[in-house]
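Look for subunit A in each of the two complexes below; its partner is subunit B in the first and subunit C in the second.
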Partner chain A sequence: MANPRFSIGDEVTVRDETTLFHTRTQKFARGRTGVVVEHRPEWVIPEDEAFDRMETGRKEPFYVVRFKQTELWPGYTGQSIDTLESEFSERWLVPA
Partner chain B sequence: MQYATLMERVRHLAPEERNVLDSPYQIPNELYAALRSVLHDVGGQPDAPTPYLEKGEEDWEMNTYLTCECLGWRGAWNSEMRRRAENDLGATMYFGLPYYARWITVAAKTLVDKGLITTDELGQKIDEIRARLEARD
Partner chain C sequence: MTSMHDGHDGHNTFPVSSKVSEFEILELAVRELAIEKGIFSAEDHRRFAEWADGVGPHGGSKLVAKAWSDPAFKEKLLTKGTEACKEVGIDWLQPTGTGTPSDYTFFYVLENTPKVHNVIVCTLCSCYPRPVLGMSPDWYRTPAYRRRMVNRPREVLAEFGLHLPDDVEVRVHDSNQKSRFMVMPMRPDGTEGWSEQELAEIVTRDTMIGVALPDPKVRVPVPAGEVHQ
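Showing the complex of A and B:
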């Protein structure tokens, strides 16, 4: 794998970028801050993969990011230790 | 949390426009943003509870899954192309079809898009199979 920019334990914020036609980056995660908990293998980013660019698409490291549910949902009524994990390619993350 | 902040968050999460429009002369930017929301991004949108059914996989569903996987192995498409094609069905079809009916519909559409089969071949095959099944019953 190319050197991933983020390490396990890093705090990252998901970018809120205008999306046209296709995305895997959920609205509820945009602008939210979480912690990198796992590296995933480098792969073609969904924005290219979705348009049949398996050969020419941009490859990036992927990360599993863990959010506190209270960070994601206004007025979350569950336990304060509850978390949610989702996966992002590197371009979607900035240091928190 | 302040009410205004809450409403802003909800608006951000739930921008789906469900009114039927009829090619209006102009629309505000907010509506344009809502209309091009990617359909499968439903997390956080308000919805009514759905009863959970303990329902096994049916033959046509497994056959659909295997067909789609084989098409992937042979390089006809990939899972992300399938998800995009499902979104591209539009809201009525996307939310109207059962899960695997979405898969098989977009598998056919992708093969047509790529010129691997034609719509008339597909239609004739469907008619042929329907006639065979009706003769059997």
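Showing the complex of A and C:
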């Protein structure tokens, strides 16, 4: 697998694709923009793991993305400094 | 108005536990098939369930207490979580040699600071750092916690009795993939000179989920020595 496409500090948007199948990409994050804050090791993407393709499945870098809560939830009732972090495989992210 | 709870219908009036879910039926069916096919025995299953239920949050308490007492260990815990666990007797690869399918071996400890308060949730299911905290509490797995902690974290924390100042960032960690997380709370004032064992006793389960803060007046017994897996 090539080097990770995104670097720490990059702004990324989660692709707004189908919510069918085993993606482990939450609907609430789709179409939302955040910042890459950490790299995670490559592993088999959930789409292939779901079919137990642990040896032959596609491996990809994963990233921790930090979102502002106000970006995720219209009318967020907390503070504007509040954040949420979650992990995404490379295929789910595009440059913002 | 009569109701099924008025005790006059001749049936028992004890509270009835919730209905068996489809997932519980599925688990039972798969388990019975596995036993019939000789993949494992009913006794093996009982032993494993007993072991899994017996894992408590003491491992996590010891990790935090050790990190509070030893800056070098704290650095290791924050950068090499899985490795650091071995120093209190927890090997994430056990009991199978490769970990369990849902307790993967990427373990990250989230350090609270005066400016950031961390809290963990799994919106997709119930991912939880079981090797260090044991089985998750029932409420952690409820849709109410999972839905509301991500979009109304301050309200949920307030319901747990935790009111954070407006200038402290609440950082929610949704463990949606392979990583597992645990919160390292800040060491409270009033614990100067305490031993690791004393410190471990105030690092309760909820403080490591992030819905509470350690309180020197609230102590839960923690067995001394390494955690027995």
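Here is the rule we use: the second predicted complex is superposed on the first by the 93 of 96 C-alpha atoms of A that agree within 3 Å, B and C clash if a C-alpha of one lies under 4 Å from a C-alpha of the other, contacts with A are read in each partner's own complex, and residues count from 1 in each chain.
Following the convention adopted for this analysis, a residue touches a chain if its C-beta (ideal position, glycine included) is under 8 Å from a C-beta of that chain, and two chains touch if they have at least 3 such contacts.
If you're wondering where the values come from, they're calculated on a predicted model, not measured in any experiment.
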Simultaneous placement of subunit C and subunit B on subunit A, clash or fit: clash
First (subunit B), second (subunit C), both or neither touched by A:62: second
Touched partner set for A:20, first subunit B, second subunit C, both or neither: first
Touching partner for A:73 - first (subunit B), second (subunit C), both, neither: both
Touching partner for A:83 - first (subunit B), second (subunit C), both, neither: second
Subunit B versus subunit C as contact partner of A:46, first or second or both or neither: both
Contact breadth on subunit A, by residue count: subunit C or subunit B: C
Which of subunit B and subunit C A:28 touches, first, second, both or neither: both
Subunit B and subunit C contact sites that coincide on subunit A, given as residue numbers: 24, 26, 28, 46, 73
Partner subunit C, residues of subunit A touching it in the complex: 24-26, 28, 40-41, 43, 46, 62, 66, 69, 72-73, 76-79, 81-89
Subunit C residues within the subunit A interface of the complex: 106, 123-124, 150-155, 166-167, 169-174, 176-179
Residues on subunit B engaged by subunit A in the complex (per definition of touch): 1, 5-6, 9-10, 12-13, 15, 36-38, 41, 43-44, 77-78, 80-81, 83-84, 87
Interfacial residue positions of subunit A with respect to subunit B in the complex: 19-24, 26-28, 30, 46, 49-52, 54, 73-75
